[in-house]
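Pasting the structures here.
Each of the next two complexes has chain A plus one more chain, namely chain B in the first and chain C in the second.
Take a look at the complex of A and B:
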């Protein structure tokens, strides 16, 4: 296994292109090194992009949204004041990834690029209508994150390519969001299922669904409802969860996972909705 | 045992104080050398070849391709070992050094590859071609006991007069007094239920491993972080035919053991590899491999219990099936000892406990903190609650009614066993600390449970202490310090008995070449056994100082006496150091003291002897249940143990806290899940869940009851297992109090609690659905 630390994006993608099927990008290594140890990944070339000088900056804010670069860590995401104000669900999700030590290494982009249907930050990002830019020796292209996920461990980012930025548009005024995750224990664990919800000022709702299908899924949008009506809420949850195809696996049986998706969707929607008018300390309301 | 005198206790200085852990700074700062850190520049690496199934006939092993791989030194399978392939074990010598024609559990090695580097050994192992035919195996109690079940052990390998020869039952135990059948008529209420306890693994943070080094003299040095270096020494000597004097075991401190590092497993293989290749051979286990090497026996208990109107136990009947795995290890003993106290610390006129050790094609189960008691206590404590519910009593009332008083028998018959402590004090203290009877917030429940575990029933610990010319001292004590802090106690005892400053005392352990014999570090015995041996060695030194002082000074021995740290002369007290200097005179030198603690067994006793002491614990828990998700939040967890004397309060607290949290593991989340081929599906840290610090109860309170009534130094008892004996019972009771539904299968995962609340919705719980 060769370790290579390029100085430019051009060098990085050239190296990846030189052996597309046996090279892997390394950022925090919190997925890759575990996979190498278990031999589920056996790269012959590891391209560490942390030394690349012309990478998109970790976090840059403009009027229309926030752009994340490949080295933005979960810790960076959680600490950034504008991210906290605009994307409370993302902050909640990033804050649940692993432990402090993991969050200081784990990169936001890799969490999605790794292609796990259980990745915590992908559901909120999908619900925020995020998009990614993919770069290779033959140029750049941009895709919506919800179309980026093809199958477990398979994304639009082909062998030899690299995700160079993640763009999240500024949420509409008066909207807010929340993230809910179910795990088997309180400490470090992967999601049994998760739901990130966005509720707009007018009450329209969108969700991102984690570990409820082969990839991160988008649910909704669903038209505004009277949130105090139990019946309307249940119908909205039905619609939001329509794309979900929960299975039984080692983390949960199908019946339980299905039931938990409902609980989490309900809780996430209600918390996001409440946050629109009554922002809690951790996060803010989009203005 | 050594007599205690009140005046001696008063003179103590460090015992009873919260002395910091001996070697603790190195341990927490990463400086301690674990096995994997030890340098062996010339060592060859070992990789194991295993099969992707649990039960198979091996028809051929071809190492030719592997031998051609770079760096490969040897490929060894059973055919390359002495024939018949040597087998070893404690009570049954049934475990082959390498799988011999058949594999009986997932992870049992069929061959080993020795190479210059680990990568080369692993690459070589992947090239070893193993031809095998999978056989139907048995992976749970039902399968193993079904009529016509495949037999884990061929009857031809079992004694002809063994009545269970044609079944998977390896051993049975029966404890019975009174007449449970006749007594049923007297009961006002009878409750009958089945309880299950899962297979769980020890999960030591240090997986461990072995390095076997051939010596110039033709012997072997074995490095392995084991709890019983002397057992390992004997096992290696036996399988290789070497004399004990040619086998030296170095046991670096285990990074957690919990019983999982007691019995030899791969060390005999490493010994043969080293002898065959003439090279030091090194194998460091992965966490996944430890899962395949050690676990606690799963257990199914069918219980039937009768109570009088007032809650008094009339009879208690238990059928316990321990799923022990593919080889005996110490599991039959776990079954007999765990069942012995299975009926609980109660006053029961009629009792019957019938238990079986049932073989299965799973990792051989072994000793694990609690040694069989937690499995049965789960059933007994849940039965007490079931009786209480039926009679309109609460958990505290029914235990108050039935718990034995000091000196009263909880096990009846010719080998009766009685309470060796004031156990009611622990019950009442726990009730007070949990706030028993105070109003509960909605969604919450409270539970209380008790349990006991017998300490060692025989033992031998020997110790040497050297009191050096400058007043510093060295204790040689074979106890393995696996995190319990044994060495700290020896240091404290030496400090007090010899008057040496703590920082001038060294403790040497983990080397059979220089440290005298100790039977084992198990059953929370060391404080009592090795503690008494160390204490005796210190007193031996004082007697020798006195005698030599008399000889050197001409003072009549009868005019002299000694006490902790001092020699008392007609002219007043001398520090032991001063006295020893005068005694030794110009030549100098040192004093060497020897101590032995020996407890013989008792003939005919079902456990081979009376327990030296009992660990008694009462645990009480207040839990909040999220009825939508089944998640539990433990608001308060109280653990009160009967400890005799706290020789070191921080260590007692940390043992009790550690055991409480470990108990929450099997109560709330831990379980090994197998697929249809007996392969462990949650092999590793990702899907086998143990509690993290975030899973610790909001408030965790431990307390020790001190009546100075133990057989160990200064009235101490062993303490390190008590706090997990009845965690499951207390939690189960609290959860059923909160949700109004008892759950009888562990662990109480959110999914299981939710399923209990939604009986119609459930299909297959997680992990139980066919893959």
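Take a look at the complex of A and C:
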């Protein structure tokens, strides 16, 4: 294994392209170095992009949204006041990743770029209609995040390419969001399933679904309902979870995962809805 | 194209990486294979065995050190990544103190938080970072801030007490 710390994006993608199938990008190392240790990854070249000078800044805010660069960590996401105000579900998800020391290193983009259907920050990002820019030696292209995920551990980012930015449009006025996750043991296990919900000012609902299919899925939008009606809520949950194809695995059987997805979807929708009028938009709990 | 002093380097990366960084306030220079973790380099190349090796995959916190002001699991960082970094290990914490222990380490002893001691260097580094970023943490904030540091002897109550004690000492200092 060789280690290379390029100074420019052009150098980085050229190095990746030189060994497209055996080179790997390194940011926080919290996925890659674990995989190297388990020998599930055996890269011949590790390209550490933290020294790249022309990289997109970790977090930049404008009127229309927020752009995240490849080095934005979970810790950066949690601490940023505008991210907290606009994307509470993302902040909740980022806050559940590992421990403080993991969050100091783990990058937001790699959490999605890895293509794990259980990655915690992907469901809220999908529900916020995020998009990514992918760069290679032959240029740049942009894709919606929900179309970026192809299969478990497979994304539109081909060998030799790099995700250079993640763009999340500013949420519509009066909307809010919440994230719910279920896990066997916090900090050391991945999600059994997770739901990030966005509820608009008029009550329209959208969800991002984690570990409920081969990739992170988008559910909805579903038209506004009377949230005090149990019956209407159950029907909305049915519609929101329609794309889910839960399976049984070591974390949960199929029936249990299906049942828990309903619980999480209900909680996430109700919490996001309540948060629209709650002045302290970050209060609330998450499992 | 590649910043390396190793003559055997090919165009991307070398067999050995020369790393210059600051460890506990002193300049250090090591030459390591690219896959060497910071944890192993601290322990083997630099002889700083206070940093412990346990799970080696980010789950236990025994290898916690402070790099450029923030805690990291040194088992999940390559030594090569430490180029130009400022690293603080448990050996550096109490270095300037008369007894060789800082107030936080003294508090761990006073609170009876040390049993076998294996997890303590990591616990102390996580606590130091917690108190730097939040000088007056609640019990919940201490538990959350230290949740990446497992103690096999399960002395968690006393570890929390040791952090609270340090916060009180620092507030009246």
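Here, the second predicted complex is superposed on the first by the 277 of 287 C-alpha atoms of A that agree within 3 Å, B and C clash if a C-alpha of one lies under 4 Å from a C-alpha of the other, contacts with A are read in each partner's own complex, and residues count from 1 in each chain.
The rule is short, and it goes like this: a residue touches a chain if its C-beta (ideal position, glycine included) is under 8 Å from a C-beta of that chain, and two chains touch if they have at least 3 such contacts.
Bear in mind that the values here come from a model prediction, so they are computed numbers and not experimental data.
Visitor: After the superposition on A, what does A:11 contact: first (chain B), second (chain C), both or neither?
Guide: A:11: touches chain C, not chain B.
Visitor: After lining up the shared chain so the two structures overlap, which partner does A:29 touch, if you call chain B first and chain C second: first, second, both or neither?
Guide: In the superposed model, A:29 contacts chain C only, not chain B.
Visitor: Just checking: does A:184 make contact with chain B only, chain C only, both, or neither of them? Give me first, second, both or neither.
Guide: Only chain B; A:184 stays clear of chain C.
Visitor: Could you figure out whether chain B or chain C reaches more residues of chain A?
Guide: Comparing chain B with chain C, the partner touching more chain A residues is C.
Visitor: Should A:3 be classified as contacting the first partner (chain B), the second (chain C), both, or neither?
Guide: Only chain C is touched by A:3; chain B is not.
Visitor: Going by the contact definition given at the top, which residues of chain A touch chain B in one complex and chain C in the other?
Guide: Shared contact residues on chain A (touching chain B in one complex, chain C in the other): 38, 186-188.
Visitor: Could you please specify the touching residues of chain A with respect to chain B in the complex?
Guide: 38, 182, 184-190, 192, 248-257, 259-260, 263
Visitor: Spell out the residues on chain B that touch chain A in their complex, using ranges where they run on.
Guide: Those residues of chain B that touch chain A are 628-629, 668-669, 673, 681-682, 684, 686-687, 689, 691-695, 749-751, 754-755, 758, 761-769.
Visitor: Would you tell me which residues of chain C are touching chain A in their complex?
Guide: 1-3, 10-15, 17, 34-35, 37, 56-59, 61, 64, 70-73, 75-78, 80-81, 83, 126, 129-130, 144-145, 147-149
Visitor: Applying the document's contact rule, which stretches of chain A touch chain C when the two form their complex?
Guide: Touch residues, chain A against chain C: 1-5, 11, 15, 18, 26, 28-30, 33-34, 36-38, 45-48, 50, 75, 98-102, 104-105, 186-188.
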